[in-house]
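To keep things clear, I will list the structure first and then write my remarks on it.
First chain written, first letter: the chains are A, B and C, and each begins at residue 1.
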Amino acid sequence: MATNRQAAASSPWRAPIVLAILAVLFVLEGTVRNGMFSGSWNTALAILNMGLISAIVALGVNMQWGYAGLFNVGVVGFLAVGGLAPVLVSLPPVEGAWDAGGPRLILSLLVGLGVLAAAKIVYTRWRKGWLVALVLIAGFFLFRHLFDPAVVAIEANNPARHGNIGGLGMPILTSWLVGGLFAAAAAWAIGKVALGLRSDYLAIATLGIGEIIVAVLRNEEWLARGVMNVTSIPRPVAYEIDLQRNPDFAEFAAGWGLPVAEASGIWVKLSYMSLFLVVLLAIMLLAELALKSPWGRMMRAIRDNETAAEAMGKNVTGRHLQVFILGSAVIGIAGAMMVTLDGLLAPTSYNPLRYTFLIWVMVIVGGSGNNWGAVLGAVLIWFLWIKAEVWGPALIGLLTGPMADGPLKAHLLESAPHMRFIAMGAVLLLVLRFAPRGLVPER
Amino acid sequence: MSDQDAVFGNRGNRDLSVVNPRGRGMIDGTRRSGPVGEGRPGDPFLIGENMTGGYGKGADILHNCTIAVEQGQIAVIVGPNGAGKSTAMKAVFGMLNLRQGSVRLGGRDITALNPQDRVKAGMGFVPQVNNIFPSMSVEENLEMGAYIRKDDIRATMEQVYELFPAVAAKRKQAAGELSGGQRQQVAVGRALMTQPSVLMLDEPTAGVSPIVMDELFDRIIAIARGGLPVLMVEQNARQAMMIADKAYVLVQGANAHTGTGKELMQNDEVRRTFLGG
Amino acid sequence: MDILNGLVVFLNFVFIPAAAYGAQLALGALGVTLIYGILRFSNFAHGDTMAFGTAIVILLTWGLQALGVSIFPLPTALLALPLAIALTALLVLGTDRAVYRFYRKQKAAPIIFVMASVGVMFVMNGLTRLLIGVNEQRFDDGARFLIDVRTFREMTGLAEGLALRSTQALTVVLAFAVMVALFWFLNRTRSGKAMRAYSDNEDLALLSGIDPERVVRLTWIIAAGLMVIAGTLYGLDKSFRPFNYFQILLPIFAAAIVGGLGNPLGAIAGGFLVAFSEVAVTYPWVRVVGYIAPWYDPGQGNLMQLLGTEYKFAVSFVILIVVLLFKPTGLFRGKSV
């Protein structure tokens, strides 16, 4: 029984239409200056760049949800752990940090992993809970015994400027891959546990691991300096200031009739945009190829009828683990890209509402199971999320115009930016109700 | 199933930390009842006459099928797998969209009533599976059976306990912890709590051992001898026909043979094609 | 004497705070588990609805304070509770009418309800922000202490003092009363049994003449009551910050799952288990050990704290994983297989 027109048929023109609407929105943002749009290409491109990163995150989530039906509510954690990569890989090494406690730190981390592995071996061999507990407790104290002095030493090293372990000074683009690897490792650990249980408890497990990863970033100052943030992460593209000093660029800007400061900003953002587009399209291509391969067909078969697939001898849990790791790796890559774009790792900024649930809105609105849907939905929702911050107060201002000045009006105007939360909730609920398969439904 | 299920395919239905598939209902509880009409003179006590229809908008499963029970009798519906036995009973109970035919009970035409209202009109129905409240005690199961009654239910409860002494001993125990046969007894007892005017059982002996099956049949005969007509779908055709006052053999959703249990047992065609010689 | 002093420190810094926190978590987990049992999905909007209800309590409290109404030594917020519960229940029922009822009619898969609850979470979050902003608010105006450190020391002559904050005592007493009332309702009344029946077997409940919509409405009203009470007690005990209410979702879910989802008794046990473990693992034990085992020298600067307080979420998580590994249905049998 069709309760909405959409369920019956889907048009092949949906994706191009959404793309066209997006293009119009961005052109308006870049050219028209009024109450609704900024009329600045710098702003438009900044929104687009972040939108592209969101699109990659949405792609990762869509791989897990769309291909395998896994409900990941810890996106923020995988994004954050990916964001650690530029710091650890591409920052120049911190003077004295390694000598202060580097080897001991590495040793303690290895011991920590060893303890976990030992516990696992003990459990599989003897199946005794108390023995595992004993190994874990003894291991924990050993770990802390090695770990704590190392951390104290590293954090004492020039705490005003550093106090962290620093990076390896490698090119920033390699850190994007490493970010993916970090997230994949985290996903392997959590997926191994949560998907291996008798029933599936992935949602609550990812919710937990998301919180924990963010807590680690916030509190382990030797790693990411916690609330003090890590700044001046190297860039893969030119710096505005260098461009402005370059006479050739000034001439080039003049040729376009733009002030050199604005032109340099646009140039930098365009360079980022091209990089992001390359990554996005590459992941997209791989994802689509994977979906059409025998592997992808098997994934869909498992998703649609797990029991039948299991009866045919498919290792359902193993496949789920694979796709969970792959999707998380994509999210991790996006995390590293985001930190690169911002030039800064701010552990306190990782808010689950913004980085987990907003991504879910993107995927559902775009169309679960459809990669193009996820990407277009992500850019669209990101655009609306940013603009709602501007449009909300404008709307409230318009509505409260006739009201007499007073505390109520002041309060309404003041809290108007919060309207965007209500708007996003409403968008999700409306899409779920009237077009539940999203803007670009799965074929 | 609805298209809302198709929205996300089978996604997310595995994750028990967010979804709870247990105890989900399939009956559309929002369907409203239509008016009750007049019965026809000379009707049996309960009759589903010339029923044609299927589930939702799907193809017809029943074709011009008629099932009836007289006061104080046992009627059984038997037939090969997929013959539409349970479907015929569900049609009588109002869980099917009937395109033709009518259902009449005790001199009233109840074709337009939804299942809830048919219970109020006097039908006691025991589904084949999921027919108890597993986490509630036996006593609470019976209480819930009598939910629509406003009067004192203690006498009825005692009658049920007399009928099923085995479960009476376990009245404080959770029904889900009982054995298969005892669960069926609780299920039948629950349906009896409304003091129905007809009892409808959908394969009450499915999945229980032969000894338990014999005991259940004994109880069912006792119920019928007590004056309550019983309509029953049965997989074990031979035993069912032995106790039946009237038996309906369905084949592909239509009446193939009708008669008393004894008559059909002696019918060569029924024996050859269906009872296995 | 030293043993007693150690015990007092333990009671003061571990037992009492954990008991209060556990009661708050248990009330939250009860709400989650009720909705899971009857509406069959995990409500992601739970934390934010708690925040919304508490925001209403705070606004009403401020109103009452401005009118000069007070029930000292109890906090004024208690007076505001009934009206706030009624308002929150109305809002929640409105949400059900506008959002969830449609899917229920459609017999939609439970995962769609989860998605819808994410949408509701955004809306609730926005409403709370509109109502009261994102900043920290304090609204506890009752007596601060039932027993304060000085009085306790003078009374007992011990070196260590014991403080029992009135909000802590209130939390435990009120939570206990609410739990008893809830259990009485679920196990003894016709409506409560109807709710359990619906949770067990929707179709059979329908055929028994139980009105599903009435069961659902009752569930939302009770859940609203639990949410507002849990949120208010948490706010009185700690302080009110909307984001904390979002974060508390993890320990609440963990408590509900650890106890066995859909099982009210398990939710309570889970709440206390999570709370006690969180406090015990993140508490610096050095003072307690100093009294109980004075011969042991942990060394300078060693607080004997297993994990920093920032990692309290890790504790709920680890408990959850351990329980699921060894007892997949939760400590008390829940709905899961």
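Here, contacts are C-beta pairs under 8 Å (C-beta built on N, C-alpha and C of every residue); 3 or more make two chains touch, one makes a residue touch a chain.
This is a predicted model, so every value here is computed, not measured.
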Contact graph of the chains (line, ring, star, complete, other): complete
Chain pair with more C-beta contacts, A-C versus A-B: A-C
Per-chain Cα centre nearest the global Cα centre, belonging to chain: C
Whole-Å gap between the CA centroids of chain B and chain C: 44
Between chain A and chain B, centroid-to-centroid distance (C-alpha), Å: 54
Chain A and chain C, separation of their C-alpha mean positions in angstrom: 30
Interface hub residues of chain C, defined as touching at least two other chains: 42, 106, 111-112, 114, 253, 257, 336-337
Multi-partner residues of chain A (each touching 2 or more other chains): 3, 71, 199, 201, 203-205, 436
Residues of chain B touching at least two other chains: 2-4, 7-8, 11-13, 15-18
Complex contact set, residues of chain A against chain B: 1-4, 7, 65-66, 69-71, 199-205, 303-306, 368-369, 436-437
Residues on chain B engaged by chain A in the complex (per definition of touch): 2-4, 6-18, 56-57
Chain C residues within the chain A interface of the complex: 42, 44, 99, 102, 106, 111-112, 114-116, 118-127, 129-130, 133-134, 246-247, 249-250, 253-254, 257, 306, 308, 310-311, 313-314, 316-317, 320-321, 324-326, 328, 336-337
Residues on chain A engaged by chain C in the complex (per definition of touch): 3, 71, 73, 129, 140, 193-194, 197-199, 201, 203-205, 207-209, 211-212, 215, 218-219, 352-353, 357, 360-361, 364, 415, 418-426, 428-429, 432-433, 436
Of chain C, residues touching chain B in the complex: 36-37, 40-42, 103, 105-114, 190, 193-194, 196-210, 212, 253, 257, 261-262, 335-337
